[in-house]
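Structures follow.
In the two assemblies presented below, chain A is common to both, partnered first by chain B and then by chain C.
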Partner chain A sequence: MSAKTPHAIRRPRRWAIAPCVAGAFALLAAAPALAEPAPECVRCHGMSTLGYQDRASGAVVSLHVDADAYSTSNHADLDCVACHKAQYGDYPHADAVRDEDLHCLDCHTDDERLARFKLDEVGESFARSVHVTRHGDAFTCFDCHDAHAFDIARDRDQVADVVLDSNAICLNCHQSTETVGMAALAPTALDVAHAWLPNASLHRRHVRCLDCHTPDDPAASHEILAAEDARRACVDCHTADSALLTKLYRHRVREERTRAGFINATVFNDAYIIGMTRNVALDRASVAAFVAALTLIAAHAAARWRATRKAGR
Partner chain B sequence: MNRRIRLYPFWLRAWHWSNAALFVALIVSGVSLHYADPSFPWIPFRIARSLHNVAGIALAALYVAFVGGNVLRGGWRQYAPDTTRLLDRMRRQGAYYLWGVFRGEAHPFQVTPSRRFNPLQQMTYLVVMGVALPLLIATGLLLLFPQAAPERVLGAGGVWPVAVAHSVVAFLLTLFFLGHVYLATMGASILSGARGMITGWHEPHEGHGQ
Partner chain C sequence: MRVRSIRAARRALGTRTGRIGVAVVTAVILGAVFYVVGYPKLFEAYTGVRNGALTYASSVAISDAEFEAIADRLTYDTRFVAASRVTADEKSEFTRKVKTDILMKTPSFRRDTDLRHIEYLRDAGVRRYEGPATCLECHSTMTVHTPDGETVEVDTLEDVLDSVHFTFQRTAAGFSTYGYDGREVNAEGTRPIPVGKIDRACGIPGSFSWTGWAELIETKPESAHGKTVMRSEGCGQCHIGGGYHPATEKMMPFGDVPDVAKDGVDCLICHSQAYDMNYRHVIEDEVGTRWNQDRSMKAAMAVTLPDNENCLLCHQHNMGGDTYEHNKAAEALGYENPRLLHAGAKRANPFSPEADVHYAAGLQCTDCHTPVGHKIPRGTKGTDLVANDLPGVEVACENCHTTAPHTEGTQRVMLNGHIARLACETCHIKELEPLNVVLRDWTKPVWNAEEGVYTPTDILRSGEVGQGFDFFWFNGAGTFLANALGTNPVSPDGYNPLMERLVTLDPDAMREALKPALEEMTKTHEFDVDAYIDELTDTLSALPPKGVEKRVKVIEEKLRPLMAMGESKITPFKLLNARMYEHMANEGPFGAMILPFDYATYYETGNPTDAVNEAVKNPIIRRMYEFPFKAYMMDEFMAYFGVDEWKTAYPLQGGELVDVEPHWMRQTATLMVNHGIQRDGRQCAECHAPDGVMDFDALGYPPERVADLERLPELEAMVEQSLAHSR
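So, the complex of A and B:
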């Protein structure tokens, strides 16, 4: 595992990650399944009120780590000091331990267990996102993925839950009242920016921010585009060949894609999406009935016309 | 029986033509929404949506006015089916449409102010006005306020069955619309049905002293 990742966007590393991770694995091998995450840290950081007031801005910065969320997260089995420096074991923490700089890929390059997430593509598209192009190193994976809670490997079969979790990440900053850090810099007037979109609350619950704010290329899942490049055309989604098939619904569509008819409707049965959720059988039946009705009428009219002409003669 | 009869009061005629205009607007915008396709932009999606919403709400309001008007003015009696030998009378009307009309036979039922509809018409309108239209309006309102739709129906999202019901009923009503327009040409002359609905006067059918 090298500290040199394809993302040359990190600040110079103050501490070598490799020994720490090796240590983490050694620790895991020795004592698997901690009942509770590092009790010596949670003793203080488990308190929801633990925090301090930032001198410069006057804002309260929370130092709380939710032990419950931690114990169901992807890193539940990691000791706190797998990521944080071991010196945090001492309190008061020495000033020298501060200024850590972590990145998922520092630990997970060429990690086979995470192969299906294509982390290299994630990292590359992340580096192209507006967040990074505008704020560089200051923006990291952990600005969106709470280091102490995220559970991205979890399989959620309800699309509505996927949308909720996914959007919550963005709304953390884009709808926050924070006065420090990245959140303070984020544009927050979302309802103004999206006033053009009708049924706003419905869309917010059934479609991800990412479905409009990233390119259609699946390899660009983390490339947040600038606002002016975001998707705006209703028919991108509201049509039979909807962009959502390769985005939000990509997991479910995989095996059902080729089948037609009622499947089309039931695969997406969580939502009705005008223009997209069509029932092929019903569509065909309605066209056939329409043509039949017109033919009948035309035949009847022709027969009437002949009858009146005969009568007139 | 050769006199012109005063058949349609003004409020009914006004309702009829507004309803007809809304029907056309709803069919056109509805088809455009259902078959939305970027490579074939018929009516822009957001415009079709607004048009459909406005026309749909207006149609619902008109329906309420129509029911109210019929209750107040006694028009509902036109819809109360007379069950004596109903099937036989429906059969006679059907036979007229299928072959009688080609042989120059007279309409089997005379139009009178107290009985405007022939038996087939009456049953069709009863289903259309009493069942289909209320269903269409109810499902349409649910689509407008999807939070009121059931959360889940048989394990599927609740909006979905509502939407399917809405499009099926809307489609059947479109077929009714076609048939209605065509049958309206079967009066004394091709346009006399439409003229009657404009002036309020019914022109007697041919075959009675023409």
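So, the complex of A and C:
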């Protein structure tokens, strides 16, 4: 609630969410598909503070489903019981509900619509990620991705916003002092771990955690690397052939070129990469200066040409 | 050498620049002399306040032998209290005594509990406590850690003199209160004025504390069999300045309290573990009346950081109430002129081990109200226009508790869910003390035989939900006359307490509830009971039709946007209305300017208009009705009040009150209650039932939602389930 509270709200480990109320199961089973989460579920799960403090980890686990975010998410046309098939007739929901075992690939294997996201590659690289190698099956897709708000197509104008969104997912756990097992990465520890990195907060605003903590291979997008395996060489990025261009920025540059054309996208590229002027204002100023200089030269030449012609006469 | 400089000076005087320079220097010197010598005199003459040297009979020198005897006693008592606290759970009385004895002899325990100032004062040879002068010998400056993380050295005395505890007003932004003109009090775009306390349970709102600062009242209690007993009364009993008037100079655009008044600061009432409240009574000398204080060496030797008992010497008065059974200050009313206790409680939510789970858990006031030097935060929320030393500093449940504070039971998730809409207090304050004043009629005093004075009639006291307190949407802000601002987030238009809940009462229910009080009042006063009930249950009837129109307009245009600010939660508020004398020349759609009472006249004669008459004669009240005060603050004050300008027609003409009428305030005030927190909160069905304690309709929910909230299918399922489990 209050932004000041030191307790980060975490997604539950699994689809431990039990978004239905008394009698709603029967009711929903009979109801046609809805474009929003069922009102019966939202009555409780719409409460923004619905949740509990986990006894093992001490973290506050939110059971809130934001109906607005859901209705614009990729899953908006699914009703609650499409995924949550356990018994919800009881309140509080029975323990069986909490053990509900859901995975993205349960639904999305061989899904043609999602072919371009190569979910099998995602699954494989995820299995190699430090999250899985350290925490095993306890770590699921939903520890990072909120299926109730998941919106792959969400477009952000500014790279900085994409970075903010992406890093928020990581910081949700890695900045929390409450999360057991992550205690060594509590805020100060996170800073200590990145103490070697100059301008750490500037990096955090412009570069995704993933840019250093995943391998360069696009097929390994979900293979999160541990600190010791992550990228540490400054020159990897701060070079003409920046490693950043293998990831988000490559995508952005491509997008930008389609949208603005090659020349514009190159000139007005607002990505922050050493070696080029990536300040929009400076870019514009230098283009303006360049154009002004050309104009002046042209004017001067024209004037001289006219003067010469007059004199010749 | 000397001759040369004299010549140089003469030469300089000969020039034009030189002459101007001399004139400027002379003007500055004369100005400074006037400011230091003349202005205070002029100020005193203009306002009628007086200052003088402050002496206290309890400030006496003791011998070394007396020092040691007191030291032994204090040390023993302190150790005994601390040890007993540790051994309190021991079942066998004998074992408890033995363990207490052992503990009291244990070096580490002594080190932690002993009063360190005994040693300091012994070594420094201090044998007489002389107020701030003694404290400042060592504490002239102190290191303060600001909320911004800075560490600064401050002048201790100035830090105290600038605190609300001394000034009880503030001429800067930092109020959570908004005028009826829509402006935040003293914020950007206003002309800042000194405001600090508009407390309407009191007959004397804070701004009028001159008229009742330190009063001596002649009482005729039954127990004295016709003899007169002098009693003490007045605002000064709870304010640390020991002068003949509140810190009036601090309320002006410039000037400072004179040094003699600074000597009156009572350090020990907050800092001593052995402060004797019997010294707190009114004394009279050649300058006037003022409050005495404990300046004994014993109290000085028991100096520590303030603890709960220190704060509560004064603050239980406004929380539990003077006559709250666990109010320690009421056990020591004064060696002379004992203090009169106020029978009704302003908030009736005590902070005591008996009534509050946090106190019982050993928490200190300063754990939540964490001081910064001598500045103490109130929190960011409030309706009552009370000055705050540290406006930005949060004092809130969430400072300690998580967003999922319920950790036990099958309901915990659902209870946590409620936090989005309910303040913690909504469930965890289930009742207030029965002493809670809800309706106080100052205009019809009745004789109190026990105390031997006329007192205002509390026609309704109640600690019950719906009567003594009720639920309102609250976003942390309040109006100029203490009304919680907030709105129903799902149905903003359906919620308008300033035209509904706070201006009407059920006449039949009131007739029934007020029966005993009305019977008592009719013995002393002749009045039409029906008309009285009508006026009380429909407070807007006192407004002319144009006034009601303007009121509706102000609410829609100025207050609605404020109500919609931030995040509103359902929050309990203590209800209060008072019938007082108002000066109708300064009336607006939310009320008129209240006039103060002279305490002595009121208590002794029971004639409220004479008491108003007497109080209005006070020079400073008279000055309020003159141009300088109008320009300095009253116009701005009235703008917040919802009135276009301050009319300076003096209410006293030829010795008679003119244009003065008794009225209930146009709306009931809602005052925050945050103490008296109970461990076990309300159960679901206390609210979610057709006759539940929460009036969902009054909270602005649409009818279908009201029906739903009153009969939650989930709740029924839950009850069935728990029945099934128990079977």
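Remarks
One rule holds in what follows: the second predicted complex is superposed on the first by the 187 of 313 C-alpha atoms of A that agree within 3 Å, B and C clash if a C-alpha of one lies under 4 Å from a C-alpha of the other, contacts with A are read in each partner's own complex, and residues count from 1 in each chain.
By our rule, a contact is a pair of C-beta atoms (placed from the backbone, for glycine too) under 8 Å apart; a residue touches a chain by one contact, two chains touch by 3 or more.
Because the structure is predicted, anything quoted here is derived from the model rather than measured.
Applying the stated contact rule after C-alpha superposition, one finds that A:H300 touches chain B and leaves chain C untouched. In the superposed model, B is the one of chain B and chain C that contacts more residues of chain A. Contacts of A:V235 after superposition: chain B is touched, whereas chain C is not reached. When the two complexes are overlaid on their common chain A, residue A:P39 makes contact with neither chain B nor chain C. Once the two complexes are overlaid on the shared chain, A:F290 sits against chain B while remaining clear of chain C.
By the touch criterion defined above, A:D90 lies against chain C but remains apart from chain B after alignment on the C-alpha atoms of chain A. By the touch criterion defined above, A:L63 lies against chain C but remains apart from chain B after alignment on the C-alpha atoms of chain A. Contacts of A:P198 after superposition: chain B is touched, whereas chain C is not reached.
Within the superposed three-chain model, A:L282 lies in touch with chain B and out of touch with chain C [touch as defined at top]. No residue of chain A lies at the contact with chain B in one complex and also at the contact with chain C in the other. Per the touch definition, chain B reaches chain A in the complex via residues 33-38, 41, 45-46, 49, 97, 101-104, 143, 146-147, 155-157, 159-160, 162-164, 167-168, 171, 174-175, 178-179, 182, 185-186. In the complex of the two chains, the chain A residues touching chain C come out as 1-2, 4-5, 7, 9, 21-23, 43-44, 47-53, 60-61, 63, 89-92. Within the complex, the chain A residues that touch chain B are 198-199, 202, 233-236, 238-240, 265-266, 269-272, 274-275, 277-279, 282, 286, 289-290, 293-294, 297, 300-301, 303-304, 306-307, 311.
Interface residues of chain C facing chain A in the complex, by the touch rule stated above, are 394, 396, 398-399, 402-404, 406-407, 410-414, 416-421, 713-714, 716-718, 721.
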